[in-house]
Amino acid sequence: MERLLEFIKQYKRNRSAVVGFIVVVLLISTAIFAPIVAPYSPDIQNLADRLIPPMWDAKGVSSHVLGTDDFGRDLFSRIIFGSRISLMVGAISVGVSLSFGLVMGIVAAYFGGKTDLFIMRIVDIMLSIPAILLAIVIVSILGPSLFSAMTAIGIVGIPTYARIVRSSVLAEREKEYVIASRINGSSNIRLMFVVILPNCASPIIVQATMGFASAVLEAAGLSFLGLGAQPPTPEWGAMLSDSLQFITTAPWMIFYPGVAIFLTVLSFNLMGDGLMDVLDPKLKDK
Amino acid sequence: PKYGGVLVFGRSGDSVALDPAHVTDGESFYGSTQVYNNLVQFKNGTTVMEPGLATSWDVAKDGLSYVFHLRKGVYFHPTKYYKKRNEFTADDVVFSLKRQFDKTNPYNKIGGSFKYWGAMNMDKIVKDVIKLDKYTVKITLKKPEAPFLSNMAMDFASILSKTYAMDLLKKGKADRLSRYPVGTGPFVLVKWIKDDKMIFSANENYWEGKPYIKKLILKVVPNSSVRAAELKVGSIHVMDFPNPEEIAGLQANPAIKLVKQEGLNVGYLALNEIKVPAFRDVRVRRAINYAINKKAIVKAIYAGFGKPAYAPIPPTMWSYNANIKKFKYNPAKAKELLKEAGYPKLSFELWAMPVSRPYMPNARKVAEAMQADLAKVGVTVKIVSYDWGTYLDKGEHFLDDSCILGWTGDNGDPDNFLNVLLSSNAAKIPASNVAGWKNKDFDALIAKAKVTTDIKERTKLYMKAQEIFADQVPWVTIANSLVVEPIRKSVMNFKLDPMGKRRFNKVWFDK
Amino acid sequence: MNLLEIKNLKTYFYSDAGVNKAVNDISFEIPKGKTVCIVGESGSGKSITSLSIMRLIDPPGKIVDGEVIFEGTDLLKLSDKEMRKVRGRDISMIFQEPMTSLNPSYTVGYQIDEALRLHQKQLNKKQRFEKVVESLELVGIHNPREKYREYPFKLSGGQRQRVMIAIAMACEPKMLIADEPTTALDVTIQAQVLDLMNDLQKKKGTSILFITHDLGVVYQIADEVVVMYKGHIVEKASAKELFADPRHPYTKALLHSIPVPGVTPRKSKLDTVDENVDYLSFPKEIR
Amino acid sequence: MSEIVYEIKNLKKHYEINLGLFKKPKIIKAVNGISFNVKKGEVLSIVGESGCGKSTTAKLILKIEEPTSGQILFEGEDITKLQHHELSEYRKKVQIIFQDPYSSLNPRWKVGSIIGEPLKLNTDMSDKEIKERVLYLMEKVGMHPDWFERYPHQFSGGQRQRIGIARALALNPEVIVCDEPVSALDVSIQAQVLNLLLDLQEEFNLTYIFISHDLSVVEHISDRIVVMYYGDIVELKSVEDLFNNPEADYTKKLLSAIPTIKE
Amino acid sequence: MFSYIVKRLLWTIPTIFGVTLLVFSMVHLTPGDPAAAILGDKANPKSIADLRAQMGLDKPLYEQYFIYIKNLSHGDFGRSANSNEPVISEFSDRFPATVELSMVAMLFAVFLGIGAGIISAVKRYSIFDYGSMFGALAGVSMPVFWLGLVLIYFFSVRLGWLPVSGRLGYEYDIDHITGLYLVDSLLTDNIPAFWDALKHLILPAIALGTIPMAIIARMTRSSMIEVMKEEYIKTARAKGCSRFQVIFIHALRNAMMPVVTIIGLMLGSLFAGAILTETTFSWPGIGKWLVNAVYQRDFPVIQSTTLIIAIIFIIVNFIVDLLYAFINPKIRLS
């Protein structure tokens, strides 16, 4: 409790991180209450109302705040519903990366030697293929879909987590409190997960937050390439690539989904930055 | 007309390769057409046949052999990468065609499968290609086939230089054939920068006459908005595939004009008789035809770039019958017919394809419009879609109730539509006649036309067949789309080709 | 005669949590050719005092008040440029961690040479080289000509600390500040380094400000001792007086908390510095 | 007083360091054949310069590392051969206090859990009993019972070291290995810990193996002293003997180097 | 140093081996028959069987892998299922465009990133520091494909300052020497073409360089700050070094070590990031081509491109490590 208060106090010092946190909270509530927040269903088409510019444009109408797309769908509503997808993608990909990366990292660092060498070879191989490329390869195996994109991004993230976990476990493993626990007869599992792991939480939390941001960004990128979410899913990246042909005639269709991606990613990054300040000041300097 | 100038054609994608016998995509043909000629060709902007590298041809009475008399004094152009200037002879014709089916031809194994040869069933048609003398070639067939001549005008039948091919083979560089073309056509390939541009120079000695423009550049600009922007600033002169939304803006530009051409295509809703018993009743089919407001659909979804279709072949095709029965929008009549047939409440699945095609810019939207129209006459439809491969596959196996599909002509022959899409032969799994419609009279007409070589006779037969179609309506024909090409006003005499080629040898600049 | 006089020096650190008065109104003098030691527990402000003299305090720290009079001029009033001339030429400094005090990217020779280049512009390259070699010899490094080209990571801790001293002594400064220069070293090497500093002082007449928390070291080298506690000076005396007669309770506790072989009865209870006592409430003992 | 707890015979520990694919691994002889006894109730100190093998010896005695060769007899039994159950019995009898009071306490655990861990893992005591025992130990090392719920970072170095001592006492060990227990502490705090260690020894009749490089401290606390130099023992004597007539050159050097306050 | 290089080089072998295994297993992990996938909708069973035989899919897996490796060792990366051209020649046609774009983007990122990082670190807590660090965070949060679109919209469509797409205007022609237009135009003394190529590069390079720039800026800043805390900086200052000397002679060199590593790591991802940028700017590099290959399930292309990029990436990292070793005497001299 005391720790939490101290944590909040320190976190509050980083003002942009607070803004990031607020935006994230807003985003999560938007995603949860999307059907209430959005004035229209994201898929409802109205061919009569195609390509209406945003409200503040001379030709805009107040019933479509951000205008409509080429199917006459309300852009604002689509962006709102898009938040659900982005957050889901972030959560699931981070979940995948984290769970695998965590176990790999701990096992590698704790057992060391050949085990470490073997796991880190796998990690190196994965890292030797640039992330987006690896994601594309995975998507091309699974076939383009939102699910594939999430899986791909999840897999691509594993080595990063594995490395971070490994290096912090390595640092912790040598500390005397671990030796103390071992002398007192702790089992390997207990040493790994009860004794050491909680002390590696900070970099992991920070990385998960940042990783969330990059997962959202990567998913949008894959969808933009047509390898992720497929239309008419209101995914922001897919919306962007769908509206590419309207860059001159209906630029708002490109502008706002992009802004949505940017703000989401930025707010998670700001939050991650703030967490880093508080939880892991050393990491920030690395 | 004036000589000179560089013309830049802005297109949406790059060619895959430049050996037209191996590729199937339009963008590849854009490139190869500039370089190669065929024995026969379509008159610029039409589906009418005219002499190409063959000045004339004789057809045997039984329709089983064609003798082509070749044009003399035509030379393959020397290029940067192949300096020899070889004369065009019968050997080249024999080589170009036989490599596609003669297993002993050294090029039969090179470059992968001959996709179009297979797709057009040429193995079942062509028996042999024989050189009679230096300037005469005889092609013998296994069975009479009226569309054969049209097939010879298709890209896959382009004539390549045998000598060049053999020289490459000797050097062990047979691969280069698809990348460094040497042809007899109006333009000579100078440079091909993948995914960027192809640069051609005019063939000074072109047998049809030297092209007016000096240089032709096919530039790849995938994004249509970007292409439009480039057209506006004049960094391209002819723009391929404009986005319908953009056209109004382009038209308003004083430096730009639009060239239009009705596409050789048709989009339709096939009513699957095999799966849905109700569709076996002609009254139901007619009712559905009455119930759908084609005009409204064409206006809203084709953005005006299409025309309501009534026949199974497009109006630009020879033998098109303009006088067949046309189902005008009439919901009352539809209701009546349905009642009469005993289906006042009908419901079925309506499949909408997931991709956009020239004949169908947005199938889902069309489906939604149809859904609304049909609801008004008491028919409930559920819209279903699968990914493209599955969609086609299921359709071929008659697993749909009804599905939206379409067809673009390959060779300007009505047989390519009527036989492929509506004959009983084509209703066998995997079917291209996805409606599963079988009509003996229709079949008889089509079969006869296929073995008749006289074009007037064939025209009559096809007109008749269209009448049967319009009476029996196995499809709801939806539209023939209009191909629009915005070009700079300074570009003169640019004609669109119904088969989708882009030809520039008659184009000139007016400044 | 005093080389350096510190008068009412105050150096504070500012943070959201408030002001940390790291050095809080201290005054003492460093006589010419003598060694003054500052002792005190960790965090008592020893290092900050020395950095304040060199004007190397970075934000959020600030020298709030006071004077640092070196040969009659107040260093705190000099311009940055003038101050730079004082550093390294008149006053040099060495730090606790020999492992990290040398730049890992440059050779030992380069780093000594740099001091000469900055302050002895009249020397040419060759003369400087000779001087560097000489100073390496002076601090007792064998093969100085070879060692010139070595990178710090190849040297042992004791050798590095010698190099640090060579850098500090290169321009023959009038004063040397040594901030716990031997804490990281083994006792035997510590003894060598202390001897070396003693020798140099004798040869060159350098004044030394020596910071340590090891009273044994103080006993061995100090002329004057300053005892700091929480930013204040609680006792100041000559080394002899201090060890013979510590007056301030904090100093007493500090002295008696260390067992002295042969003096402190073995296994007897030691005196302790009590965390609960506010030693500042006792009067300061300045002698 | 002369009962022998430990008998260490020709103990060796060599580390291999791989320098590269093509180089022979370098062998570091951290401990190179040392032999000595530890008597019950005495304080045996090990001194020597950094890297001479003090901590390695401690690790071997605690069975954190396996020796390369040699024997460690504890109450007559060779501990290098011990297996699971016997090992945990052994560990109840021998504990350690570490050098660094910061890294030796798990920063995520409360003081109560840290001190209670040995009890939890090695006894059948209930949580309540454990808590009682922990509070008792805390009192013994001079800590306030309220601190039970606190985290290590809320304490000063000296207080942290007390937590470590309490943990070492939890299982009522016979021997405690102290690996430089005061060298990371401020001078002003060292005395508190030394006093505490001496008090506890008296109260619980403990045997200490005390590692340090500070000869003044060693002199104050030990009965006998082992002087190590590069993995070997150069001298083993009672305190008085060692300080009055050092024999080995290295010992002499060591003694002359300590800056002591002699009046 | 020599043994370090050899060791480092040997380490890349298992990695490359692993990548080939990964890439090889790709085709076999794909659900369905790869041959059918390549031939598409209109294939008949015979041609599928033919293709299977041609691709060697009828042989046991280990044998297929063996053949695959054998072919690779002869420089045979297979043929594109789509164009039937050797993948390696298709790749090398497009790769220079990607390299040129990546290099220019990297230069942009390195100069601006390091510059901003240094200033931020030196003027810590200043407006510039806050501004540029927020900017850097915004930079890493930027969807590059979107940034590219926005740049096109403003600078090309609205303002008309810069070309909309492509590498070179049609009125220019550059002789192919290296395939890098900037280099080739200079080599052939074709200055107008150089400027035109440069103009075409500006927007895509900014779009592609933004994220690396942001990362480099953050990295430089934190590394600088870290280094500025080091004792040897204090030593330098105590010697009387000026601020400039402290920063550029003592701090920068040490601070650059982690930055160099990260730059190396980013070069690889820059090639990959080019995929998105190229799509936006119709840049005729490997990105667009690769994405098309994925659409068309052209596995030979995907496999080989992945492999080639991975190998390039490994080589680049190797070079960076050498560079790192070179600036770090500890490694250089051991």
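Labels for the chains are A, B, C, D and E, by order of writing; each one numbers its residues from 1.
We take it that a residue touches a chain if its C-beta (ideal position, glycine included) is under 8 Å from a C-beta of that chain, and two chains touch if they have at least 3 such contacts.
None of the values given here were measured: they were computed from a predicted structure.
S.K.: Select the chain at the greatest separation from chain E, using centres from the mean of Cα atoms.
M.R.: If we average the C-alpha coordinates per chain, D ends up farthest from chain E.
S.K.: State the chain with the largest centre-to-centre distance from chain C, centres being mean CA positions.
M.R.: Looking at centroid distances, B is the chain farthest away.
S.K.: Tally the contacting C-beta pairs at the A-B interface and at the A-E interface, and name the larger one.
M.R.: Counting C-beta pairs in contact for A-B and A-E gives the edge to A-E.
S.K.: In whole angstrom, what separates the CA-based centres of chain C and chain E?
M.R.: For chain C versus chain E, the centre distance works out to 51 Å.
S.K.: CA centre of chain B versus CA centre of chain C: separation in Å?
M.R.: About 90 Å separates the centre of chain B from that of chain C.
S.K.: What whole-number Å value describes the gap between the mean CA coordinates of chain B and chain E?
M.R.: Each chain reduced to its C-alpha mean, chain B and chain E end up 41 Å apart.
S.K.: In chain E, what residues contact two or more other chains?
M.R.: If we look for residues of chain E contacting two or more partner chains, we find 152, 157, 279.
S.K.: At least two partner chains per residue is the criterion; list those residues in chain A.
M.R.: 244, 247-248
S.K.: Touching at least two other chains at once: which residues of chain D meet that condition?
M.R.: Nothing qualifies.
S.K.: Under the definition above, what is the set of chain D residues touching chain C in their complex?
M.R.: Of all residues in chain D, those touching chain C are 49-50, 156, 158, 186-192, 194-195, 198, 213, 215-217, 219-221, 239, 243, 253-254, 256-263.
S.K.: Going by the contact rule at the top, pick out the chain E residues touching chain C in the complex.
M.R.: 125, 230-232, 234-242, 250, 253-254, 327-330, 333
S.K.: Across the complex, what residues on chain E touch chain B?
M.R.: Of all residues in chain E, those touching chain B are 40-42, 44, 47, 50-51, 79, 82-86, 90, 93-94, 97, 152, 156-157, 160, 163-167, 169-171, 173, 279, 282, 284-285, 288-289.
S.K.: In their shared complex, at which residues does chain C touch chain D?
M.R.: Contact set of chain C toward chain D: 41-42, 186-188, 190-191, 194, 213-217, 219-220, 243-244, 253-255, 257-264, 266-267, 269-273, 275.
S.K.: In the complex of these two chains, what residues of chain D are touching chain A?
M.R.: Going through chain D, the ones touching chain A are 62, 64, 87-88, 91, 95-96, 98-100, 103-108, 114, 117-118, 121-122, 151, 164, 167.
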